[in-house]
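Both complexes shown next keep chain A, but they swap its partner, so chain B is in the first and chain C is in the second.
What follows is the complex of A and B.
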């Protein structure tokens, strides 16, 4: 089987066009990350970056009263000076660290004060959520609403003990977790690469010949599926690595890897209690899982047609359909519709940035579990369809 | 080795592609002759297991092929119609891949590939990409892959289609070379492919078996039915419409027509020796339009 997988890999994926596409898309990907940094990062400005580096040593790590006091000592005067908008805007005034007092104020506000305040307040916020959830449990129990009571119990358990004790530079993760461009590139490469897997056998008239060999039936189909999965995983691994390395390199930091995921404001209601480093890995795994589903769909298309153009267009349209559906229901209350769309695994922050539950047999299931179950279901349907068609074609069923 | 077809039928959308086909094959070359759409490929696809027949059975040495399961495949070597193989594979690499598919042990595969490359005269092209081969060379790769498992039955579907005369002759010789102690079933609509090498010819028309016999016997059956008629330019049109003509040759002002007819078509018609092409036209040439 291993040799057959090797041959399938050689047949369909060891092509200069694919290598070229991967190389070009990799460069595009890095350029895109670079442009995101340039357009969004607070530290894209070299003077801000320089000042941030100077101050970072004083405030990073465990948040203490002493650090807060030190920061407020710098920040409060700036706040007062800029409160009535009458401060001097003279460039490089001797009392300023950046171009003027307003810029100093904004720098400290956005780079240190707001993130540290958010971190400091989070414990109380999480506690309030737990308290409210516990109150809700009592309320819903009194109404004999078991599902809502169980849901609130899950929320209380999730938020119980949440706290952010450390301050760290999180910008890299803030943009990293929202980055989808590489996923789109991976999908395009997969669509292009996988479209030939079954189709090329028909184009070259090899399909009939394969069926007259002992291993040319089901074994070859399995070899194709496994080689395709390997291809998808390899492409994913490559691009997720590029993403992580490029983000770390361009933002020059991955300090926040051990901070909890809810250190990012967008994840204040996160469905997970994991660190950012763990989340990055988990997200990559789930994205790969989503890609495997789309890979199966592309393979099914490849199996159904004899000409490459039509399934390629259908694949592209299906992809855009899933993306549009995802866009339409993003942040909406239609949780079930969201989870039914396999594309949600590819942009999985939608599943993790807030705790959402779906009732199944009267129990609250986290939306990411339901999304995973749906993808497994769709994947099984595609795989079964593929295997049934293959079996129908190999009528003698002699091919092992 | 003996192959028996018993009452094989196959319908597509209510139309018979193959109807009650029965034949018995023993070692030797069998030319499966018929026009396009006669049912040759359907018969072959049923034989190699790609299609299932609606009725009938195929026996291999008196054993139902279906009961042989996967072992049936070790008996056959198959070269499909118009194969292109994998253009980005080298010849050697492709043959090794086919060995893997045919589950030939690695220890034997290398030797067998080398041996066959020698026989089909492709040793020097072993590292050439299949996409860079000529049509004839590609067909030789095709027959080499069919022979990898040293099959008892070699099935070739229109193997010389698109080859130049030199390659066609070379390919015919290869078939003869490989025919020793095995059944070779060669489907074609080109008479010259089988005229000199087939031990028996199976004539297939509209999915039905018309005749199965040696080429000599088929030709003998046409004795007294092939004529040459000499016509002038003025009389040509009338003769073209009236007669079944297998060949025309212009010689100065005269035109010599080779005519197939049960009776003497003209008073000056001369009876000549028939050949297999005449047999083909006799059985398949109805409605020939000039």
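What follows is the complex of A and C.
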């Protein structure tokens, strides 16, 4: 079987076109990340970057009253000077660090004060969430609403003890968790790479011949499926690695990996209690899982046709359909509709940035579990469809 | 000729080209009909009053235009004051009915067009920035036709479906080598194929341009095509001189050129790579990756190739800037494409296309290679899968229910009472104003919204109730960037027996949230309306939103929004499940039937303030010195409730509370008007 998988892998995926596409797409991916940094990062401006790194040593690490006091000592006077918009805008005044006092104020406000204030306040906020959730448990129990009581118990447990103790530079993760372009590239490569897996034998009419061999039929199909999965996983691994390395390198940031995920404001209600580093890994795994589903769908699609034209186009349209559905329901409260779409696994911040639950048999299930279950369900349907059609063909063609 | 005929037959019949074209046209038309939303829906919703003003100012900006707007604004505000005065005089008996009607008639005509004036005034503020090339005109039609830069994905797909098999089919069936041995099988054959593809693309492009033009002409009307392009705000900063008609021709010519280049690209790649999958992959990647991958929208117009021309609208746009809040600076988001850059891109693209053409001819004389056989496609499977996709994309509907309704009053939008609880806005702590409910038995006060995670959600202080179901509205924000951005508006239904929440309406508001591909966009104008809603009520089919001096109805099934009523600024609005009651500018009570969309003025009921209860209308009678009266909803009989004039009043299920006008004392009486006691 292993030889068969190796053979299928070499036959379908060790092509110069795929290697070339992966190389070109990797370069495009890095360029895209670079352009995101240039367009969004607060530190894209060299003067801001310089001042930030000068100050970072003083404020990084454990948030203490002393550090807050030191920061406020710089920030308060700037706030007062700019409050009535009458301060001088003279370029490079003697007592300014950047071009003028307003830029100084903006710099400290966005780079240090706001993130540090958020981190400092988070403990109290999480405590308030736990208190409210505990009150809700009693309230819903009194109304015999078991599901809501259980959901609030889950929320209380999730937020129990949450706190942000350290201040670190998190901008890299802020944009890394929202980055989807590489997924689009991977999907395009998969769409192309997987088209030939079943079609190459049909095109050369080897499929009938294959059925007469010992390893033909179901065994070959399994080998093809496993080789394809291996291909998808390796392509994903390569691109997710490039994403992470490129982000870390372009943002020159490595030290936020141990901060909790809720240090990002978008993840204030995060469904997980993991660190940013762990989240990056988990998100990559889930993305790969989503890609495997789409890969299976492309394979099943290609099996229905005799050449690549129509399955490629249908695959592309289906992909756009899933993406547009995902975009339409982004941040939506209709959680079930959101989780039914397999593309949500690829854009999995949608599942993790907020603790959302779906009632199943009266129990609250986190949305990411339900999304996984749905994908497994869709995957099983595709797989069984594929296997059933393979067997039927094998018998018919084998007899004939 | 026979080669032509054969190639046509192969392309349209054997390779199902005709079927794909028909499917494409059906899908394009269906998506235009179902998805097209006017750029400025307010204009459509107030068409008559807008066109009343547009007729007077249409065309270029004159020196009198400014004066016209100033005088019209005066006229409207004067008419408002004068109408109020005339009503007062009439109801005080100082003016006869005939005189009243004669005086108020012209004023009503002026006020009827107030919303239209606001809309045209918005246009005026845009035009006066640069009056030389910005004209007053109706923009929705031209905006729909020209003001977007979306790549038509269906068109890309159709071109791939039609053109890829042109050469690939022969490579697959090994016919290419055989073909090269016959007299007309080499260059002549290739030129025939290319000409046929170009002719098909030309005809289809013209047909699609015609269909689009026809659609917008029919739906909105494409008037004033000779006006400058800059009359549309989308092209406001453009430095190119062109009329709208010319712009349309240029854009269509650009799209045609882009499509022809794309066709050439597909042919070229298919001749070079010979396989379906790789041809499709390369062509798709060359179009889609720059389209979605480039950060600055205008960069794609500097790339030679078909993409820039396929979305050629951008060649006519001007520089655009956006404020960067971190640095308080304007940042460029679109850089105008200069004529020089355009010429270079055009020439390079033409050269590339000619190069590709030459390569195709060369390869069709020299290439010998193996191919594969094709047994045709399964049309039924294709249709089935397309149907499945359409079903997938069709979205979800909210469930319906029917029951008798409690009455709603705008004046009491912050409270509602049912048999068990009293719901209200608690303003005791001004820093944390919240919705609460009070158990009527125990008197215990609790939070109404039970969400334990309140950050990034803003609950509005307005509620609507109907029996056990109580509704509130909320805005959800997103903080994926540094700035918080409102992304969604929702109406939540709370079943107060179990406090189970259900979303009954949701609207996406954000237009610039980070998207994967940006396929699902929301309308800015729509979003602005949802941000100004002050209250709402609903029935089983529709939601009614009270915005600025208007009531909008939104269909719960389709989400379609219409303006049903224009109401004076300070009137109460009431709803009993079917009828909407409000007071018009002349202090008359108007009843609007939401089933038949008809209005009726209730005779002899003159008031400025009223409250609807389950059985009657309580109001301060303008004709009887503001004494409180009630009118039965069944037989419309009037009954005086207080003997003295009333300053203001409110009521709950049991009591009426009022302030006496003469001594400003607070009183309380039973809902039927008995047991009047001083509080």
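Please note the rule applied: the second predicted complex is superposed on the first by the 395 of 400 C-alpha atoms of A that agree within 3 Å, B and C clash if a C-alpha of one lies under 4 Å from a C-alpha of the other, contacts with A are read in each partner's own complex, and residues count from 1 in each chain.
Quick note on the criterion: a residue touches a chain if its C-beta (ideal position, glycine included) is under 8 Å from a C-beta of that chain, and two chains touch if they have at least 3 such contacts.
Just so it is clear, the structure is predicted and the values come from calculations on it, not from any experiment.
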{"item": "Chain C versus chain B on the shared chain A, clash or fit after superposition", "value": "fit"}
{"item": "Which of chain B and chain C A:152 touches, first, second, both or neither", "value": "second"}
{"item": "Touched partner set for A:381, first chain B, second chain C, both or neither", "value": "neither"}
{"item": "Contacts of A:180 with chain B and chain C, given as first, second, both or neither", "value": "second"}
{"item": "First (chain B), second (chain C), both or neither touched by A:360", "value": "neither"}
{"item": "Chain A residues touched - chain C or chain B, whichever exceeds", "value": "C"}
{"item": "Which superposed partner A:241 touches (first chain B, second chain C, both, neither)", "value": "neither"}
{"item": "Touched partner set for A:204, first chain B, second chain C, both or neither", "value": "both"}
{"item": "Touched partner set for A:305, first chain B, second chain C, both or neither", "value": "second"}
{"item": "Chain B versus chain C - smallest C-alpha distance in the overlay, whole Å", "value": "6"}
{"item": "Doubly contacted chain A residues - partners chain C and chain B", "value": "203-205"}
{"item": "Of chain A, residues touching chain B in the complex", "value": "3-4, 7, 10-11, 14-15, 200, 203-206, 208-216, 220, 393-400"}
{"item": "Chain C contact footprint on chain A (complex, rising order)", "value": "17, 21, 28, 32, 35-36, 38-40, 42, 45, 102-103, 106, 110, 114, 125, 129-130, 132-133, 136, 139-140, 143-145, 147-148, 152, 155-156, 159, 174, 178, 180-181, 183-185, 188, 191-192, 195-196, 199, 203-205, 265-266, 268-269, 301, 304-310, 312-314, 316-318, 320-321, 323-328, 330-334, 337, 347, 354-355"}
{"item": "Contacting residues of chain B [partner chain A, same complex]", "value": "45, 48-52, 66, 68-74, 76, 78-89, 93, 97-98, 100-103, 145"}
{"item": "Chain A-facing residues of chain C, complex", "value": "153, 157, 160-161, 164-165, 168, 172, 273, 275-278, 280-281, 284-285, 288-289, 292-296, 326-328, 372-378, 381-382, 385-386, 389, 392-393, 395-396, 446-447, 450, 452-453, 455-456, 476, 478-482, 487-488, 490, 492, 497-500, 503, 506, 508, 513-520"}
